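Next come two complexes built around subunit A: one with subunit B, the other with subunit C.
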Partner chain A sequence: MTRGHDALRLLARRSKSSTSTTPPLCLTCLSTLHARLTHTQASPLETAPIEPSPSGRAPPALTSTTSPSTRYLLKASILLSRPPLLTRPLTPFEKSHFLYQKRLNERLVLPFTRYFYYQRGTPEEAEWKRKMKERKTPARDIGVYNAYGEEGWNDEVLVGERIGEPEEQVEALLRDAEKEGREGADPEGAVVKREVVERPMPRVTEADRVGDLRSLNRKLERTLYLVVKGGEGLMGEEAGWRFPTALLEKSRQESLHTAAERIIVQTGGVNMNTWVVGNMPIVHNVYNYKHPVVNKQHGFELRGEKVFFMKARILAGQANLTNNKFGYEDFQWLSKEELQNTFSARDWNAVKTILPER
Partner chain B sequence: MSLSIPLRRASPPNPSIPRIQCRHATLIRRPKRPYTFTQLVTLSDGSTYTQRTTSPAPVYKSTKDTRNTPLWNPSSQKLLNMESDDSGKLRAFRDKFGRGWDASRMQERDEDVDREEGEAEVEGRGEMEEDNLMDLISGYGQEAEEKGEAAGSRKAKERSGKGKGGER
Partner chain C sequence: MLQAAPWRRKSYQCLYSTRKTSTFNGMTELSEDVVPESSLQVPGPSEEHIQRFNPIARSKRRRSQLPPSRYQFRPPRYYRGPLHPHQPPPPSSPASRLFVPGPFSLPRLEQTYHSTLAPDLLTLMYTHHPPGTLPGPSGPRLRSWDGSSPYHKNRPLRAPRGSPVLPLLRRPITFKNIPRLEKIHVHSFLKDAGVDMQYLHVAGMVLQAITNARAKVFKAKHSIANFHLRKGNPCAVVEVVMPRIKEYKGVSGRSGDSSGDIGWGFSPEIVGAFPEVEINYDAYPPRMIPGIDIVCCTTATNDKDARLLLSSMGVPFYGKHIN
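After this line comes the complex of A and B, so read on.
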């Protein structure tokens, strides 16, 4: 039984009794604390005047005379993301499978009851008949396929056939929706006028083509994350691209989710409709200084920084870095792969497991 | 009554009848599914998706959905300023009486009235209101005409003239 064990037990007892003034400790903190207590006895202590810990929730002083308590700077980092706006593109297997299922369905369902929808002798019925003759089936999006004919078995997509593509199917629907005026009563008469139906918006936007990384209208089928450049980096290093990160306010005993809301506003301005998803961080990361800073006056040792990542969503608006409080110079909205290329290896390893695939 | 049961010789089981209970497959009819088409749905903001439906219309364009309802889009400035005039009643009213009765203009007018009241506080309040109402009724058309706003009122006059012409 070492001295560390004794201190640990003392801590555990304190954290259990609710009457004590010290905040309760979690098991992880206890175990890391124990590891550190056994470790620090050999390490040389530096005497440097430093700023006190930002939060009152750091572990209390154990034995103020001999061993200093360890403290960390507490920071909140914001993972502000824009969810994907489009469904993902289908794989070639999925495309051919869905087309096969649709053609199989043609053979299994009841036949289309034409007279329920189209009155006999109306122009609509004539047009329906004409189109039906061309495509041999009521469905528009499966190509020319007769489920009841000799070739009914031939239902799989052929090599080089484009009818399995969703874009092609949408185009077929739109072509069918275009009403054609024909000369005379003859349904085979020459086309006089064709009413063009408005095409849907493309999946690739202008921002994608230009390569505008600040736009929220890029990569519509991917999750985008807000990253900023400049300001004060971790551990006093030069700050590259990273998520907006700031210290918790010690004066207000700030909680993580209120800090998250504050940091979002102080970074990107008020012109963003955001939502902090939960009160809990989705991941946290501990960065230890090479040489811990000891404050003899207050009897603690600053070991490093703890960064808590808070998840948030942007629903509307856009970031605006003018008047931001952390000295950020630039921002981007990046997808997961782009984050990997932009971040330093350490920053990427900290967050790579919590980012969704898409 | 005797309880004795006549003894019988145990007969060997008939090999042709299976002794294990079995249940042959019964015919389950194929469920009758109606014919379904693929339909392209365009929402009011231009986003599209396809769905399976019994309707033979290839394209459906929606005019009112969650994408343009203020309740679902609290941060949309465009929708907040939207005036719902589906039946065209507001437009008809404006054609007839001009835009002088719009809410923003009425507010300005109310402020003017308040200022006047503050200046002439000595007079009786009921009398004051009556005066103001009379001002509103009599002075409104002239005032708007001076500003050149009451195009509608002129139109209304023309219309009444036409009506008379018809009677002749």
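After this line comes the complex of A and C, so read on.
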């Protein structure tokens, strides 16, 4: 116990007392203040490392005790997510900026070394000449633009032109990749398309169009989170949509990450290839009962519930709730905005800061 | 000064009192300091103006063209000091001689890093200290002299035991310092370049095709030369080249300089499998394609974190991991 600790306790006592005029301080502020106090006031000898209490090092107890008579139920909640599979759509500014930089690059770089890539007199060279005549530049996705010509300065896109749009650029690349040739190697033969290039898959899937919230093939550029409905809610309330949550198993002295793996399997079945990211929770939340439950037989008071959120990723498979152990009735894969609309305000505030933007 | 100008203090007090009494109500409150009109509120060009706008036709209508000296700024070839009237523009200006265009796209790897990899790495590397239990100061990194000799007085502290190099500190990882890929060196050592300069040109073209950056020649003693580049995209390496290597074990777990830089090499056959080289493989003399070394420099300060970052991007590692 150091002098800093004394100051901390004093501050805590002051902030708790109702007669004090100063507003009460939260635990984080207290610890910051404590760090400052030890940093500025105490001499170097007195700033001995503050050892975490031995109870913090012990294997996690199944009911945490703040005092011998106070207990909390410990629960693990699973943030099972599917990472984004596609890049995000570009903003209009990014589109026009990238096109501007590409055209600027065409004006500034040395000319394309044609004979390094296309041998003289080969069909590839003839094909190259034909395409070059059409688009006037080696770049395939910046429209018809002659960077070295008299009008090279005219590199700005006019209002309403769609050259900078990614869809338009994909079209241009496809048009360019399709080779033309004469039928039967005859210079006078009819022109045929020799090579038909496969089109890329659409960014909007069938599940997006139908609005299938259970599919993992929806919102490919967003992170999706598994939420379930039914079962026992927090603090004995009626359960709405929320993350899969369950009590730690008391009999097995279960750690959080083994509990996370167990809850995933007991919720969604074995047909999911998942990975629990790390052994530590990413956030925890404390819910206090309005009226603590007093257990006179064992002499303790149940104050509420502590929920630890464990992060997990789904790599393959799909959830199947048919044999789940927690009485869940339905599941959905939702993005961050949809979570905000689906969750209660309390549940949303618990997790809103830890969800990434996409 | 302030006393000599009483109007100044008076106006300050007046402003303070109005601010304090008023409650925030949107633009009326802001309008004391901020002009409410914005250029964003101006309507765009009319339909008729859009139809009429044709820069080429307008330039053709001019009877005489302006000379380039009237509209084009030519930066000086040499920097002649800060007092010279002809100053070069900053390198970000397209008029500068040092200007490099770009970026041309938002790379997929960068987006994946920000959306997926960085949050996961933070989860894996974060060490939580509960409030009130801050980690104590670590021990001294340099050893002191024991004072057994009078010559120990005023000597600088001794280096750590075992090596003269002080290893980098690993700061606690928070959202501000998640390790990221900083740059990639691509390097090729050409021992035959002293005999035949052709090797140098071929290696330069290969590296330029792969990395999209011009290779620099570093001349060493005895006419040995090697190449250095500082640009690249590991996407193609991880997703195209590495899976093609036959019986590929991965990158050795012993690789690394113990300060967060991991390197590995590719033999000439594997360099030939890069899609940028393969597309016109005939253009390179087959015996002259060089083997290359790739060094991934990360902002991690130890090899363990750097390896975690690279393996999250898909680089496989094998064997015992040495940190």
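Assume the second predicted complex is superposed on the first by the 278 of 358 C-alpha atoms of A that agree within 3 Å, B and C clash if a C-alpha of one lies under 4 Å from a C-alpha of the other, contacts with A are read in each partner's own complex, and residues count from 1 in each chain.
One rule holds for everything that comes next: a contact is a pair of C-beta atoms (placed from the backbone, for glycine too) under 8 Å apart; a residue touches a chain by one contact, two chains touch by 3 or more.
Worth saying up front: this structure is predicted, and the values here are computed from it rather than measured.
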| item | value |
| --- | --- |
| First, second, both or neither for A:270, with subunit B first and subunit C second | neither |
| Subunit B versus subunit C as contact partner of A:345, first or second or both or neither | neither |
| First, second, both or neither for A:278, with subunit B first and subunit C second | second |
| Subunit B versus subunit C as contact partner of A:316, first or second or both or neither | first |
| Which of subunit B and subunit C A:173 touches, first, second, both or neither | first |
| First, second, both or neither for A:117, with subunit B first and subunit C second | both |
| Partner chain in contact with A:358 - subunit B first, subunit C second, else both or neither | second |
| Shared subunit A contacts, counted only where both subunit B and subunit C touch the same residue | 87, 102, 105, 108-109, 117 |
| Of subunit B, residues touching subunit A in the complex | 30, 32-40, 42, 46-50, 55-59, 74-76 |
| Subunit A contact footprint on subunit C (complex, rising order) | 44-45, 50, 53, 55-56, 59, 94, 99, 101-106, 108, 111-112, 114-116, 119-120, 123-124, 126, 128, 130-137, 205, 279-280, 282-283 |
| Of subunit A, residues touching subunit B in the complex | 85, 87, 102, 105, 108-113, 117-118, 128, 138-141, 166, 169-170, 173-174, 176-177, 197-198, 200-201, 273, 315-317 |
| Residue ranges of subunit A touching subunit C (in the complex, touch as defined) | 8, 27-28, 30-31, 34-35, 47-53, 56, 83-84, 87-88, 90, 94, 98, 101-102, 104-105, 108-109, 116-117, 119, 151, 154, 156, 158-160, 223, 277-278, 280, 282, 311, 313, 356-358 |
